[in-house]
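Below you'll find the structure I mean.
Chain naming follows the written order as A, B, C and D, and within any one chain the residues start at number 1.
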Amino acid sequence: MDAANYLYLSVLLFTIGAVGVVVRRNAIVVFMCIELMLNAANLAFVTFSRINGDLNGQVVAFFTMVVAACEVVVGLAIIVTIYRSRRSASVDDASLLKR
Amino acid sequence: MIELALAVGQTQTPEAVMFWILAPLTVAAAFGMLLVKKAVHSAILMASVMINLAIFYIAQDALFLGIVQIVVYTGAVMMLFLFILMLVGVDSSDSLTETITGLRPIAITAAVGFGGLMVSLLSRATLGRSAVGLQVANENGNVKGIAQLLFSTYVWPFEVVSALLITAALGAMVLAHHQRLQTRPTQRELSTERFRGISLANAAGLPAPGVFARHNAVDVPALLPDGSPAANSVNATLEARGDMLNSGAFELGKIDTSAGEEK
Amino acid sequence: MNSLTLLMLLPIFGSVAVAATPKAKETLTKQVALATTLIVAAATIAMAVSFQRDNVDLQFVEKYSWIPTFGINFAVGIDGLALVLILMSTILAPIVVLAGWNESHGGRWSVKVFYILILVLETMMIGVFAATDVFLFYVIFEAMLIPVYFLIGGYGSGQRSAAAVKFLIYSLFGGLLMLASIIALYVMSGDQGGHTFDLQALSQLQMSSTTQNFLFLGFFIAFAIKAPLWPLHTWLPDAAESATPGTSVLLLGVLDKVGTFGMIRYCLTLFPDASKTFTPMILILAVISIVYGAFLAIGQRDLKRLIAFTSISHFGFITMGIFAMTSQGHSGATLYMFNHGFSTAALFLVGGWMISRRGSSTIADFGGLQRVTPVMAWSFFLAGMSSLALPGMSSFVSEFLVLVGTFTRYPVHAVIATFGIVLAALYILIPVQKALHGPTTAGNENLSDLNLREKIAIAPVIAIIIAIGFYPAPLLKVINPASAHVIAQLGFTDPAPTNGDK
Amino acid sequence: MTTSNSLVYLIALPLLGAIILILAGRRADKWGHILGTLMSASSFVVGLYQLSQMLGRSNQARPVTQKLFEWISVGTFKVDAALLLDQLSICFVLLITGVGTLIHIYSISYMSHDHDRRRFFAYLNLFIAAMLLLVLGNSYLNLYVGWEGVGLASYLLIGFWNQKPAYATASKKAFVMNRIGDMGLSFAIMIAFASVGTVSFEGIKEHVHHTSTGALTAIGIMLLVAATGKSAQFPLQAWLGDAMAGPTPVSALIHAATMVTAGVYLITRSSFIFDAAPTAQLLVVIVGAITLLFGALIGTAKDDIKKALAASTMSQIGYMILGAGLGPVGYAFAIMHLLTHGFFKAGMFLGAGSVMHGMNDEVNMRKYGALRKFMPITFATFGLGYLAILGVPPFAGFYSKDMIIETAFNSGGTKGIILGSVTLLGAGITAFYMTRVMILTFTGKSRWDEEVHPHESPLLMWLPMAVLAIGSVSSGFLLSRGDALVNWLAPLFEEHGEHSELLKPIVVSGLALMMVAIGVAIAFLKYSRQEVASVAPEDVSVFTKIARQDLMQDRFNEAVFMRPGQHLTQVLVKTDEAVIDGAVRGVGQMAMGSGALLRGVQSGFVRSYAALILVGAVLLIAAIWVVTN
């Protein structure tokens, strides 16, 4: 089987994730969509690793996972904090940046 | 299309069977994430995407990553998501109508453009190259191979990432930490407050939800002796979140008339 | 005193001294500032005495390496043109300090800051005329904006912030164009024998006429904004309206001269061919400025704006004289720069006193001042007569030289510009009539006449105006060789008498 | 040419007086008028001394010069501050300082009640100095300094009582209209320099012969423009009537005897240019002819005694200009008329001042009448001036005016007949309006208000009037006896060939006297035989109405220059704010507008930022796609 198919799948997932980030309003869902994009990237890395016959791609994917975990921890903490003060998990409600 | 057909034709190995079954499922689950209203459903769909990905990793000779994906990602991270969801309110459902004008068409057009361009680029880049495969690299086992790289070439990034992880943990703690402005009232104080308060009505505690009402669900207010709903019988969080059912609908004898809710 | 660098440092020392004075003793601060400016003026006069009048080369030349990597030097030197302008600036400075003794009150910042700004500005005023390194000139040209910006925005009146910003942005825009041209010159100098910013070396550059035209415009627009030439003048009335009278004097009297000075020193020297190409257009702009400024002055209701517009008209004359390319026009223009400094100073200072006494700058609020405050009225009248170039006043000599010099080569321009003298009579006599004549209007009965300090401040200005009007020879003898040199370098000779064969 | 070191004192003395009086301020109130008079008188003495010196020299050596210092010198444009006193200048010097001193003396008394009398004398001295500079300057540029100097003095003196808005406006109007004339003078100087290369009288005179007629005509016309401004000639005559706002001595000195005649001086001084430029000369004559009728017609309708005299001045200067425009033959007569006019018109103005002095500053002649009994000396001096202006022999005007009329007739062809007729007609009208002035003021019944108590003026006032009256009587005879003035001035002007005599002098005199008699008779019939209304009647012919409004000159100026000018100014002010500054502000607003527009993108919504990032990524990838394609 052509390994490129995984790449196409990765692109598809990434795109779906990107749309989700933009379209969904629930901060947690937005977060999950970001995770989806990261995972899509990971899939691409793993596939590259296979195509090149080299484990470097897998290591990068591993690092990505760690960074993603960190990001999730902090991000979710932020969501909780925002929820605590604003009683809402909608990203649209946290729009004070413009003022 | 011809290339796609060729690719389909080439996919004959078991891996191909697996791919052509799981890949559509993965994409469908991902799509579902966008479309379902409830965040919990999204989370579950996300988990399924992740498990599928883990299978793809393993299929591509990335055994370690596949396991990590399941254990760390699907197991830990997704559970964290669920926890937070619970904390925020598991029942809350999103409205999918767009409030920012023009955002959705832009997003979709951009996404389609993005996907199309990427696919086009990928097809240019990979066309006519076959994969090398990881048989050589994984000679001593996938885990050993990765470990060798991690602790030699990537030892410095590895350390940095560990620092990052600790920092993130600390950061999360700091963010989640809630400074109390007053000392926590003791049992005694609470009790005094109940009895010395403005009214004795709450001395025996707040009314439980659902009492005398048609439903005894937690989000249905109790009915007072005169038949009007008791707003304070329902958890304030539910009310704030808008999850409380309209008590007017359960009011005795006034089922069809709408009555303003007492505060 | 034979060192320009030292001359430039003197006000800096003074500003340090001013900064060291205790905050509570404002009078001491002012006295230190006044003493500094007086010393600088005396030093400049001493310098002028030892100036060799017939030597057309730069004198008092000094050169120190500043940024060797880019071939930038701290290079100064003056010819007759620069000497006259430095003389004017340093004589005006103590007058401004003395005349505006109380201008620093009611500002955003303390009295000390006001005088530090003035003294720093004085250093730059000397430097900008003395610089012979194009980069140094540019740096001072732009840096001068800073103290003026704060002087307008911090101590002015009315819409002072808006006016200060308008002034700054206008000037910066021009400066930016000039910077582009300077960089282009620098790059070209690298291709032709070594990177340099030296004015002398840059004037020898070979360049195509298109390049020259573009670079010329870069410089010229910057100077046309400074010198306010129609239609780039609209910052001036606003700035003058908001600034304190003293600041206005420095702004119109000295800073704007950098524009006309730059036209001679940089536009004509660096781009002789382009100057010739653009001369017809510039002359038209100059003539428009003369007539337009005069008409606008007639139509003003605010005294400060009126004076600003008269200056636009006068700058039209100066520009016309510069680009008439005759020795009379050139010398006249240079002399005009000197004279305009003093006649505008007189108008602004006396106008400022009138305004501060009355608490309004609307001309209609005055009336009958000649009965109430005869000395002030006389001073204003004489300043006005100088502005309308009455013979016997210094401006007449320069204005007439400009007209005669222009007429010999561009008769039509000169004829139209001469109509400006009728308009000048109107724009001076209308405010004179409204403010000084007529019955004393309500609210003016108890205005006080000039006090001793103010009389001391205005007396030298009027004395210079009248003295130069009758005996301009000392200045003309300094100016003439420099003007003749510029004209000769451009390859022009004065038109010979035609005997009417036209 | 003879040089002298004392010429400068002529100017310096009165100038010093002016400076002292201005700088000394109130401290000089007590002695200011005496100092002013002394300075003027001493200048007169210097003038007499110069005359005596000049008489002692031969005809060609009479002009003297004095170089003071190098004034302006740039390239070939070299102008020295230098003075020239020749036969022409000395006439003016003596007229200015002589009449000037008399008027100083008169003013001591006339202005004694004004607490700004010192300032008045300062201005008078300033005027004397400027006027002397005007006639003594040896180049057009020096003349120009004096030219504007007298304009300034005139402005200050007309507006002496500038607390009255109308007076302040009158002074401004005089200055501005004079400036239009000055502009002509600057044009003349510029053309002279561009075409001849010098601006001194001597230098231009030398080059006249190889300078083209075109250039000379241009210079001549521009000099004429200058003359019309200063001498209140058509079309720049409108300021003179309003200039009567100044104190009466000023009207006598500046607006009758001296400053307004500067135009005549300029044209005579430039005789070498006009003689070589016939077109310009013709224009001079035309201007003179128009103005002499114009002024005379205005004079017939004025009820204000000073304005009637001003109109008369305008008309008489018209005679002089016309005389000067007739070429070499006419210059001397123009100057002669200028001198005699200086005497009799100054005398009459002082008389008018005396009348006003006795009548509580009333200027309306309809409120006078029968003053002969109350002011006998004024009546006598005024009457002598009256006879002089009419040209009744042997009074001064007879000699000078008849000469101009005669020269006009003799100027040849149709031109001569037209000019002669015009001057004759002018003489008739002059007789009419001057008689009217006499009748309304001094004879008939008294028409003044009750509170007025007319009385004769004090000695200091009537003495100068008497002196001027003597001049009015005798000057014409003295100047023309044996062609004294003509011969005196002859070296300055080109020789003139004999003209054919159209009419014999005796015939001209007869005709002139006949016209005068007619004019006087009409005036008698109209004003002496019937009651004069003390209020100007309204039911008058349209011509009278127009004449009362100075033949619409102000209306014309207002409609053609002032209002369009004001509109233009207003439009330009608005344009400047809206269009030019608007464009500048527009650039600023464009920046702010685009900022505001782009700010919409910064909605604060994270998702819109994300969408932008996505769009950016797409664009980036599209770029890669295009590049790698």
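Here is the rule we use: contacts are C-beta pairs under 8 Å (C-beta built on N, C-alpha and C of every residue); 3 or more make two chains touch, one makes a residue touch a chain.
Chains and their UniProt names: A, B, C, D = Unannotated protein.
Note that the structure is predicted; figures quoted are calculated from it, not measured.
Comparing chain pairs B-D and A-B by the number of C-beta pairs in contact, the larger count belongs to A-B. Of all chains shown, C has the CA centroid lying nearest to the centroid of every protein CA atom. Chain B and chain D have CA centres that are 100 Å apart. With centres taken as mean Cα positions, chain B sits 12 Å from chain A.
Mean C-alpha position of chain A lies 65 Å from that of chain C. Computed from the mean C-alpha positions, the centre of chain A lies at a distance of 95 Å from the centre of chain D. Contacts with at least two other chains are made by residues 603, 605, 607, 611, 614 of chain D.
Each of the following residues of chain A touches two or more other chains: 18, 22-23, 25, 92.
Interface residues of chain D facing chain C in the complex, by the touch rule stated above, are 22, 25, 69-77, 81, 141, 144-145, 147-149, 152, 155, 159, 162-165, 168-169, 171-172, 175-176, 179-180, 182-183, 186-187, 189-191, 193-198, 207, 210-216, 218, 568-570, 572-573, 576, 580-581, 583-584, 588. Looking at the complex, you find that chain B touches chain D at residues 100, 103, 106-107, 110-111, 113-114, 117-118, 120-121, 124. Residue ranges on chain A touching chain D, taken from their complex, read 18, 21-23, 25, 30, 91-92, 94-99. Residue ranges on chain D touching chain A, taken from their complex, read 602-607, 610-611, 614. Every residue of chain B that touches chain A in the complex is listed here, in rising order: 7, 10-13, 15-16, 19, 23, 26-27, 30-31, 33-34, 39, 42-43, 46, 49-50, 53, 56-57, 60-62, 64-65, 68-69, 72-73, 76-77, 80-81, 84-85, 87-89, 92, 94-95, 98-100, 103-104, 107-108, 110-112, 114-115, 118-119, 122-123, 126, 129-138, 142, 145-146, 149-150, 153-154, 157-158, 161, 164-165, 167-169, 171-173, 175-176, 178, 240-241.
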